[in-house]
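The next part holds the structures, each set out as structure tokens.
In the two assemblies presented below, chain A is common to both, partnered first by chain B and then by chain C.
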Partner chain A sequence: MSREKSSFVKWIQSGKVNKRLCIFTFMLFPMLLLIVFTYVPFAKMFQFSLYEMKYLGAREFVGLQNYLEVFSRDDCFQALKLSGYYIIASFVQLAIALWFASILSFKVRGGGVFKGLMFFPYLVCGIAVGFIFKFFYTRGFVLDTVLQWCGFNLDQLPYWLKDKSINNISIAATSVWRYMGQNMVLFIGAIMSVDDTLYEAAAIDGATGWDKFRYVIFPSIKTIVVLNMILAITGSLSVFEPPYVITGGSFGTGTYFVIMNELAHESQKVGLASAMAIVLLVLIFIATMIQKFIEAYFLGTGDKDSIRYRRRQKKIEQERKEAVLAQAKGGM
Partner chain B sequence: MKKQAVKKLTAVTLAGTMVVSMTACGGSESSKGGAEKAKIDVTFDQINLGEDYTDLEADLKFLTHKTDVIDTTFQSYIEEFQKTYPGINIEYEGITDYAGDVTTRLSTGDWGDICMVPTTVDLDELENYFTSFGNYDTLSEQYRMLVGRMYNNKVYGIPSMGNVQGIVYNKKVFEEAGVKELPKTPDEFLDVLQQIKDKTDAIPLYTNFAADWTMNAWDAYIDGCATGQADFAHEGRVKGENPFADRGDQTGPYAVYNILYEAVSRGLIEDDPTTTDWEGSKGMLNNGEIGCMVLGSWSIVQMQQAGEHGDDIAYMPFPISVDGKQYASAAPDYCYGINCNSTEDEQIAAMVYIKWLVEESGFESDEGGISAKVDAPFPETLSAFDDVELLFDVPAPEGEETLDNDINNESELGINVSGAIPKEVLESALDGSMTMEEMSQEWNEAWTAAQEKYGVTH
Partner chain C sequence: MSKAKTKKTVWAIVKYATLVLGAFISVLPVVVCVITAFKTPEEYASTNVMDMPRSWLYFTNFIEAWQKANMGVAFRNSAIILVCVLIGSILTGSMLAYVLNRFKFVGNGLIRNLFLFASLLPGIAMQVSVYQIMYTLGWINSLPGYIILMCGTDVMSIYIFIQFFENIPRSLDESAIMDGCTYFGVFFRILLPLLKPAIVTVMILKGVGTYNEYYTANLYLQDKNRYVTVATSLFKFTGPLGNQYNYICAGVIITMIPALLIFILCQKQIYSGLTQGAVKG
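Presenting the complex of A and B:
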């Protein structure tokens, strides 16, 4: 028995088994959490999307009926148009973040304080941000008061959340305020990792600030820029918190998610809402693929050069070969 | 060889545990069907408070939406209750987003013993979650407003109190505006609002649009208040043809929404509805900065307590007259329900506590509502309702208990659920994008399509 046991201990301690055991035990909990809290609910949601159902009560299998309804209703895709506001806002946000990052990654007086102050909004929970801005935009409150100091008349100012021509911009601005700092910190991290000697070399070559950004900083951090862009655009397609908390989706601010929430919780059309969620997932997937392709085509991923560049190189190479060939032929 | 065997063994054990845990997940669902649920024989009316079950021992968990009084009023109830029933302990859990959270928790079966039954549970589903309090026929001799939570003649919820539908207003503002008599028709009401705007600084009608649920409150007036028929919800609205059409005599659902539409388009509401503040609005009504708000009678006490001028707060019937007579719907607030998955002792103890709450706690008068007991007098705050006929909900016809919910959900009009109609009315009135006629036509179309889906034809 003891001999056997010791052989088991030996077996379990042997390199190959031990390694597998390590991998298995370390993976077990993350995988378990991922499966239980992500994939199982997702599979359930996909299942729900094929049923006509409420939260409680009987379900009826309807196949793809819910998906057809998502495409035939006019409010679902109408709501996606609002994402345009948030996509534009996210580009503004990235631009500002990049600008601050390129300034703050060099020695600036009070840089740490600025970084902290600009990162702070990201730490505030989204619901609280919503309430902050609800009061911020209230007639005669913070924003109006500040603008009045600047010489505006209250009568000239619009109703920030009531006026349908600007309320989506007002709300999109809140997410710029919230996420700009986070983007900036990511950019600073990337810029910090650029080799200092490159700046020196650039300085010796007489590069201006803009040149440094264009030819040193940007190429070095393009991966992180693209990553942030993907996150920003997928985020723009699935905006929920700001319009939900600030206006409740009224006055034409109901985004896709807000409509989905209304259908699921107020009209109890859980199947339809699940189908909407799946459709959005597919849309986000497509958007990401397009972005990935554009990135690969124009910028290149990682160490790889961009497809456009490689094609050009290939073409040049081929032309050179042809020329050599023609020359050789001519020589004969 | 041995290694192989051990490997196989681990693989089999792993697969085994996975299968077991999978079936365990699936199994819990079927057990909810309730073969082993404890059924109690006692009914609500049979319990004699202070005599029966005084030695019963149980620990109860009570889910409530009244988060503001858990540590104060409710603790004093428990103290008082335990003088007679020392063995029964009650622990309150307050839930802020009550209706939403509780619906999810109900489906687990293990949420506590007493809760306020959320309206999201369909009537035919009640028996799967709640214990019956007894037969409607016997209970209705002593209690009223039971039909809302009743199915197959069995009652699954006892109202914690009842609300009367009217308008909460500031007497002083009305006096300053020169209003001698309370308005009885939509036109008179709009004139009063105009007078308030012209003669005082107060906001005539505060919609509290941003709070969202406050818009939902408007839906409560379209049935009894607007038609004088207690069964309008089940007959005229659910089964009738084009219930939202303009009747031309300032009654019916159209008239209710039209009051809102006109008030908004004539500028008789707050300046910016998107940034209203519910908590602040209570104090403003109390101070006389607001003329009136369209809210159920439950709001009276909150408005009175919101400032120093509690005496100025009064309550009036909704300004619609049907053949010269005004009506007011009286409807139950949240109903107490008992978890049918609890043990027998817990269920009985829960029933005893609920009976005590309804009969002796004084909860409903603390909250300014009417009691669920048939013979209880009306509170003082409702003196303006002396000439008004109160309409209590009547049961839905047999076999049509879920029809209202079904059609309502299908049409996505969210009547009494989301306030979609009043919100649309306010938005359209503000920017003039749609007229009442156009909107009512849309509602009728959505409603008719939903009616057809559920087999209601005209």
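Presenting the complex of A and C:
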């Protein structure tokens, strides 16, 4: 008996079996999670989108009706227009982050403190941010008081969260407040990874601050800046938390996902919400494909140079050849 | 010479002015919250929000907020969730990364792509149908169910681990195998201890996300008496309490304190963790 057991243990421990067993057990749990919480819901969502249904009770097959509704209702597809505010906000955010990152990467008195203060909002939880800014924007409260110090009259000031001409900007600004510091830290990390001797060389060559930014700092962080700009676009299509926690989507601040969430969990129009989700997934997928192309074109992927760079190299090569040829001819 | 000097001074002024302004804007909303949290209800009603409170030792709001929002339970639940989710996702993430990085087998590339594609799907949209699955499994209002959902391996941590494995020489595994160690032994005894920096990075990224997670916690832990988390505890302050900001601000400050403490203690690791997280492939 003991002999049999020991041979079984040996068999388990033998290279090939052990390897397969290891692969199997280590993959089991992650794959299960991936399938149960990503791919099964994905398939279900597609199925739901073809039905008129609630979470419980009878469902009725309606074909593509839900998709038509997504495009024809004024509160669904139209809500994507709000993404414009968030795209602009995220570009502003990147610009501010870039500015502070290029200051704070060098010796600055109290640099660590400034960095910490500007980064901290990133660690505040979403709903707390919501309360903080509901308070901040309330009539006659924080923002209004500060503006009154600056000489504005309370009557001149709009209702920051109710006035439809400005409330989306107010909300987008809160996400700049929250995420700017995080971007800044990423940029500082990228700038710091540049070899110090480059800055020394630049200083010896008499480079001004702007030159330093243009020729040393910017090239080193170009990739991460472009990546963040690209992420900003997909991110803006799927904005959810800021309007959800601050206004709950009222007064025309409901972004696409806020409305989808409301349809799914409050009105229980699960079919329509699923169709909305699928439509946005397709959009995000297209946007990602375009991004991948742009990335390959301007930045190159992995160890490949960018398409643009390769073309330019080719052109330069060609010109050089022509010049040599012309010179040879001229020499004759 | 003097021209260069004035230029330098102007630059310094611009630099510090923007820094001070930036820091001011970052801090102002929070500072006003702190001020308000120390005001008595009458004081809150009668003074401007920017006026200092009469006493910095008035802690009644904090006590009230703590009790109203059931924060004792909330902190206990959040701690349980945080510990379990971190252990769970670090184990699953590093195991998967080990298998994907060290073994060649049919489907390796496919599995990588499956995870990559999953990262494209926005979480909020998925919850429409995940909700139904959680319901079928009976995991609504269940702490273990929520923990398992949150463990759902995210691509970011898998990438961080894979990147890290690439820098650990394979000869290390091979020599251990020669010495009669099993593949499990290689992972748990040799590689896992070496992964420490990557584990810290993942802990920070996943920890911040889990502690602050509001939407899914609200959706799947609906019983706000037993299964409230720190993030959802603030939900108590919507509705009838919606404009008693002296309590709300106190509640907000309480939820921020753990994050603040960890930030002060592990500032360096947080910065480097974020930077590493961003440089995924």
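Note that the second predicted complex is superposed on the first by the 270 of 332 C-alpha atoms of A that agree within 3 Å, B and C clash if a C-alpha of one lies under 4 Å from a C-alpha of the other, contacts with A are read in each partner's own complex, and residues count from 1 in each chain.
Criterion: contacts are C-beta pairs under 8 Å (C-beta built on N, C-alpha and C of every residue); 3 or more make two chains touch, one makes a residue touch a chain.
Computed from a prediction, not measured in an experiment: that's the story for all the values here.
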{"item": "First, second, both or neither for A:282, with chain B first and chain C second", "value": "neither"}
{"item": "Which superposed partner A:7 touches (first chain B, second chain C, both, neither)", "value": "first"}
{"item": "Touching partner for A:269 - first (chain B), second (chain C), both, neither", "value": "first"}
{"item": "First (chain B), second (chain C), both or neither touched by A:328", "value": "neither"}
{"item": "Chain A: partner with more touched residues, chain B or chain C", "value": "C"}
{"item": "Chain B versus chain C as contact partner of A:57, first or second or both or neither", "value": "first"}
{"item": "Touched partner set for A:209, first chain B, second chain C, both or neither", "value": "second"}
{"item": "Contacts of A:186 with chain B and chain C, given as first, second, both or neither", "value": "second"}
{"item": "On chain A, the residue positions that both chain B and chain C contact, one per complex", "value": "55, 135, 141, 265"}
{"item": "Interfacial residue positions of chain A with respect to chain B in the complex", "value": "7-8, 11, 54-57, 134-135, 137-139, 141, 159, 161-162, 164, 167, 247-248, 250-251, 262-263, 265-269"}
{"item": "Residue ranges of chain A in contact with chain C within the complex", "value": "13, 15, 18-19, 21-23, 25-27, 29-31, 33-34, 36-42, 44-45, 48, 55, 96, 99-100, 103-104, 108-110, 113-114, 116-128, 131-133, 135-136, 141-142, 145-146, 177, 180-182, 185-186, 188-190, 209, 224, 238, 240-241, 244-245, 257, 260-261, 264-265, 270, 273-274, 276-277, 280-281, 284-285, 288, 302"}
{"item": "Residue numbers on chain C that touch chain A, as the complex places them", "value": "11, 15-16, 18-19, 22-23, 25-30, 32-33, 36, 48-50, 92-93, 95-96, 98-99, 103, 105, 111, 114-115, 118, 120-122, 124-133, 135, 148-149, 151-153, 177, 182-184, 187, 208, 211-212, 214-215, 219, 230-232, 234-235, 237, 245, 248-249, 251-252, 255-256, 259-260, 263, 267, 271-272, 274-275, 278-279, 281"}
{"item": "Chain A partner contacts - residues on chain B that touch it in the complex", "value": "2-3, 6, 100, 103-104, 106-107, 120-122, 124-125, 209-210, 212, 271-275, 277, 409-410, 412, 414, 417-418, 420, 423, 427, 430-431"}
